[in-house]
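What follows is chain A paired twice: with chain B in the first complex and chain C in the second.
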Partner chain A sequence: MNGKKLSFYLLLMPLLLTLALLILLPQLDMLGISLRERVSYGVYEFSLLHYQAFFTEPLYWNTFVRTAVMSILATALTLLISFPVAWYIAKIAQGKNKNLMFLACLIPFWVSELVRTYGWMILLRESGVISGFLQWAGLADAPVEMLYNDITVMTGLVYTSMLFMVVPLVSTLEGMDDSLVEAAYDLGGNHFTVLRTVIVPYAVPGIVSGCIVVFMLTLGNYLTPTLLGGKDSLWFTEQIFTQFITRFNWEQGAAFGVLLLCLSSLIVWLGLKLSKQSFKQAMTSDA
Partner chain B sequence: MTFDLECRNVSKQFGDFQAVNDISLEIPAGSFFSILGPSGCGKTTLLRMLAGFSEPDQGEILIKGKKMAGIPPNKRPVNMVFQHLALFPMMNIGENIAYGLKRNKVPKQERDKKVADVLERIDLPGIENKSVHQLSGGQKQRVAIARCLVLEPDVLLLDEPLGALDLKLREQMKVELKKLQQAFGTTFIYITHDQSEAMVMSDQVAVMNHGRFEQVGSPQSLYYQPNTAFVAGFVGNNNRIEGVVESIVGETAIIRSDAGQQFKTTFPEATLHSGQQVHLYIRPEAIHIRRDQNVTSENHINGRVESILFDGGNSQVLVKDTESSQELTVSLPQTREFNDLTAGEMISLSWDIRQSNVFSANNKSEP
Partner chain C sequence: MLKTMKGLLALSVSAAAMISASAQAEELRLLTWAGYAPQEVIDQFEQETGITVKVTKSNNEDMISKLRATRGAGYDLVQPSQDRVTGAQKEYRIYKPMDLSQLNAEQFIPSMLAATKTNTTINGDVYSVPHIWGTSGLIAGVSESKNAYSFNDLCSDDYKGKVSYRLKRPTLIGFAFAMGEDPFAAYTDEKKYAEILGKVEQKLIDCKDNVKAYWSGGDALINLLRSGEVTLAMGWDAGGWKLHKETGNINFVPPESGALGWIDTFALPAKGKNDEAAYKWINFVMQPEIAAKITEAAGNFTASAGAEEFVNDELSNSYKISYNQSSLDNIKWYPPVPAGLEIIEGKTLDRIKAAQ
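Moving on, here comes the complex of A and B:
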């Protein structure tokens, strides 16, 4: 091995070590734990019992599907809300305004997610700011509880995900030559057809990479659904937490973890197939 | 008579900046019309108003006699070829060309036939399924034009589409564009800052500066009879000599240059008076060059060759007048006679009095 090659591998080493020791190894260990059954104190046997439990217990199964559907919905909503914002930042805002708008998207992340979510709770709870305002304005005659329902969970998820959708969209849209849009109008397109036939197809790589990131973040989110949704939020990460911490059933928790990983991989793969994008394309779109 | 395109006193202002200032023009059907001007002269603004991307502050635009005020770009019978062509990268060539037809709800069968036809006419048959990046620069050019012409617009607007091509291809495309225009018979309006593009292709050229038309005419008339100092300086190369009118005899003026030489020139009637500050323009290719120093001509300079700017057929010589140190650029005839010319050699220059143009010096808009 010559010096150049050696230095290449040495530079690569921290990354390889991180990937192997902190991600690959624990995941493999999780997989191992999920495939065993405790027969007596310190004695384990290979078993598919915990996977079987998942498929036979409707609560687990329902929570799983519900989390997936809510995450897809949250991703779609985030995309719908972020697209005009990204368009404004990329194409309409100029100079200083552009930076300010970007900063506005970033500001919520200066506060930790926990504090941010408690902030939402102060606003939305029965004795909270909005409820108080509604009563003061005479629009409600009793305290209004706005926490602990799906709409609130969805709002919180979308709010947390906005930035991760806006950034890839802005960088894709910024790369688009304005004359493409003008040419489409010039050739007879109207607002709707230009959006559908030129702008969205152009932005597909950004849309896909934003959606992947947002979907994964949402699916794996724990704080927002638990705090805003309360006991009934039925988020799958909550099930995992319960298994590990409350029930101290590591085997069941590990099985759920592996299933969640499979689910997110499957949905991302489906999304890529449907949008005819390769994973590589989507991940390099903001370069 | 109705014209394909008419502008009546069109003006456009951006803040304090007058981009287009009271422009009127009339373009007959089937002609190739160029708007030539330096960057920032307002030509793109004018073109965008014709296409409908912006509205004039004053004046009106008529296409085939119909007023265009308030009609958006997608409803105007004009199409535009953009500077960077703006072919849609996510569509193949067939889809690109069919885009406008599809928006006009032309049925699929007819659409396919029209696309095949227009590709045939631009000499690129059967490339419907290629993607945009598979084409060469010149092919993209033709596809961009075909995408517009397939819609049979009354007027085709072209925004410096040759700017991005390399020199050789540009020369080729000039001829190609002119042929396409003649074959389709559509009115072309072409904007450019390249005088050679404008002159080679156009029936009529408008020279634009500071938002106004300086002169509109055939390429020949712009070249031989420039109306203003700006046109004389911008269209083709020119030597400029600054001086004062010494005397006027009939149609001939005698100019004394600031460097002390005396030149005779003809001039348009009643535009000059004695003592006026003027600029005299002589084209490099209008100057005779001789090795014989004993020439008698009305305009005559003996000079020393400063340097030779060899560029094949466009070679020029920089000559410095021995008496006044005035420098002149002279075209080098490619008749072998001067092939051995070297820097430092003494030569004589002369030109006919009708070959120079004279303009009053107080015109601020010179290039």
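Moving on, here comes the complex of A and C:
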């Protein structure tokens, strides 16, 4: 082996070690734990029981479907809200304004997710700011409870993931030649046709990569649904947490973890197929 | 190049030496409940013994999970409730037996020490000694028109949308008692126990509309009650007394079917590194004056003999408002939980959570 090759492998080592020790190994261990069943005190044997439980107990299955549907919805909403924002930052705002707007999207992420979520709770709770304001303005005659429902959870999720949609969209849209849009208008297109036939197709890689990131973050979110959703929150990650920490049922929790990984990958794969994008293209678009 | 390498090497060696030197200063890593190790007591302990105390706040499930993940390493002293010691020990072997000769037995209230020893003995080895005891019951805005409360009130229309409890095992047990069952007697009979839980599950699903939110930490509950968003809750006595001191009209009430009594203990993790410091800490906090300070911080009474004399009047009065002799006698003390029950309870709790 010559020196060049050796240095190549040496340089590769940190990456390989990180992947193997921090990602591959724990996942394999999870898989191992999920495939065993507790027989008696400290005695375990191989079993598919916990995967079976997921498919036979409607509770777990429903929770997963609910989480997936709400995550897809949250992703779509985030896209709808972020697109105009990204368009403005990329194409309309100039110089200093542009940086300011970008900063405005970034600033909420300077505090932790927990603090941001508590911020929403202070605003929305029955004795909170908005409820107080509505009563003061005479729009409500009793305290209004705005926490602990699905709409609140959705608001929190969209708020949390905005940045991860805006960034890839801005970088894709910035690369677009303005003359394309001008040409489309010159050829008689109205706002809608220009958006549909020129802008969106150009931005698809950005949209897809933004959607994948937001979907995965939302699906794996724990704090926001739990804190804002209250008694009906029901999020799949919460199920995993409960199995591990309060039920001491690592086997069931590990099975859920493996299933979450597989099912979410499947959803992303389906999304890529439907939008006719390749994963590689989507992930490198904003580089 | 070589010179800088040497310099770096020297630097890292001296850094390592510094780290090991600082590790030599004695340290006690304590995994406990909020309020059980007030700063004042820690400072005094450090002054007297030179041992630094590092406190991590936790709860029963979290303690077991943390120790299970490390097979009993990472802490030198933990404080699980006595009913959760033997099950966890048999299952995960996370504790080591206590050497009772290291403790001043006369500092403990004899009946409590004996009860905890019996409840946490496996094969003749004692795994924990009692520290703080208290009860769970109801916290309510007390009015003159109503003088008896039951866990069933949590399902009453009078409190629609104004109720909070934990979605954990004490709630299931409390409701089972309120419905006239005896879940503790059914601990050894899984089938009977599952049957009782089935009834409780139905009841809790039927009146889920009553619930404002499930609380998960004592502070969250106190906030809900203080703001008036919740008017009836299942909670710990200390939280109720704290609110009574603040508001004057919210207080802890033992329910008719009996409050649920727990004792939090001291146990040694299997791979704890400083048992000596752990025993020192136990002996230190069980002194009546120190125990009284902890009572004032945590709001609950300790198993330390003679500590009550040092507790301020306010706290002992709130305790007397809530309890008379008959409600004290009616406290249902948790017996050790056999392993396996928690799986049944878990499924029940999951179904209640998921019910729409």
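Operating definition for what follows: the second predicted complex is superposed on the first by the 287 of 287 C-alpha atoms of A that agree within 3 Å, B and C clash if a C-alpha of one lies under 4 Å from a C-alpha of the other, contacts with A are read in each partner's own complex, and residues count from 1 in each chain.
By our rule, contacts are C-beta pairs under 8 Å (C-beta built on N, C-alpha and C of every residue); 3 or more make two chains touch, one makes a residue touch a chain.
Fair warning: this is a prediction, and the values are worked out from it, not measured in the lab.
K.L.:
Could you tell me whether chain B and chain C fit or clash when both sit on chain A in the superposition?
P.N.:
On the shared chain A, the partners fit.
K.L.:
For A:S179 in the superposed arrangement: first (chain B), second (chain C), both or neither?
P.N.:
So A:S179 only meets chain B here.
K.L.:
Identify the partner contact of A:T18: answer first if only chain B is touched, second if only chain C is, both if each is, neither if none is.
P.N.:
It touches nothing on chain B or chain C.
K.L.:
In the superposed arrangement, which partner chain does A:F244 touch: chain B (first), chain C (second), both, or neither?
P.N.:
Only chain C; A:F244 stays clear of chain B.
K.L.:
Please indicate which partner A:T197 is in contact with in the superposed arrangement: first for chain B, second for chain C, both, or neither.
P.N.:
After superposition on chain A, A:T197 lies in contact with chain B alone.
K.L.:
Just to be sure I read the superposition right, which of the two partners does A:S112 touch: chain B = first, chain C = second, or both, or neither?
P.N.:
A:S112 contacts neither chain B nor chain C.
K.L.:
In the superposed arrangement, does chain B or chain C reach more residues of chain A?
P.N.:
Larger number of chain A residues touched: C.
K.L.:
If you take every C-alpha pair with one atom in chain B and one in chain C, what is the shortest distance in Å after superposing?
P.N.:
47
K.L.:
Hey, what residues of chain A end up touching chain B and chain C alike?
P.N.:
Shared contact residues on chain A (touching chain B in one complex, chain C in the other): none at all.
K.L.:
Give the list of chain B residues in touch with chain A in this complex.
P.N.:
51-53, 72-74, 79-80, 82-84, 86, 88-90, 99-100, 103-104, 147-148, 151
K.L.:
Spell out the part of chain A that touches chain B in their complex, as residue ranges.
P.N.:
Touch list, chain A to chain B: 177, 179-180, 182-190, 193, 197-198, 201-202, 204.
K.L.:
In the complex formed with chain A, which residues of chain C make contact?
P.N.:
61-62, 64-65, 68, 90-93, 161, 168, 208, 211-214, 227-229, 339, 342-343, 346-347, 350-351, 353-354, 356
K.L.:
List the residues on chain A that touch chain C in their complex, please.
P.N.:
Per the touch definition, chain A meets chain C at residues 41-42, 57, 59-60, 62-63, 125-127, 145, 147-148, 230-232, 234, 239, 242-249.
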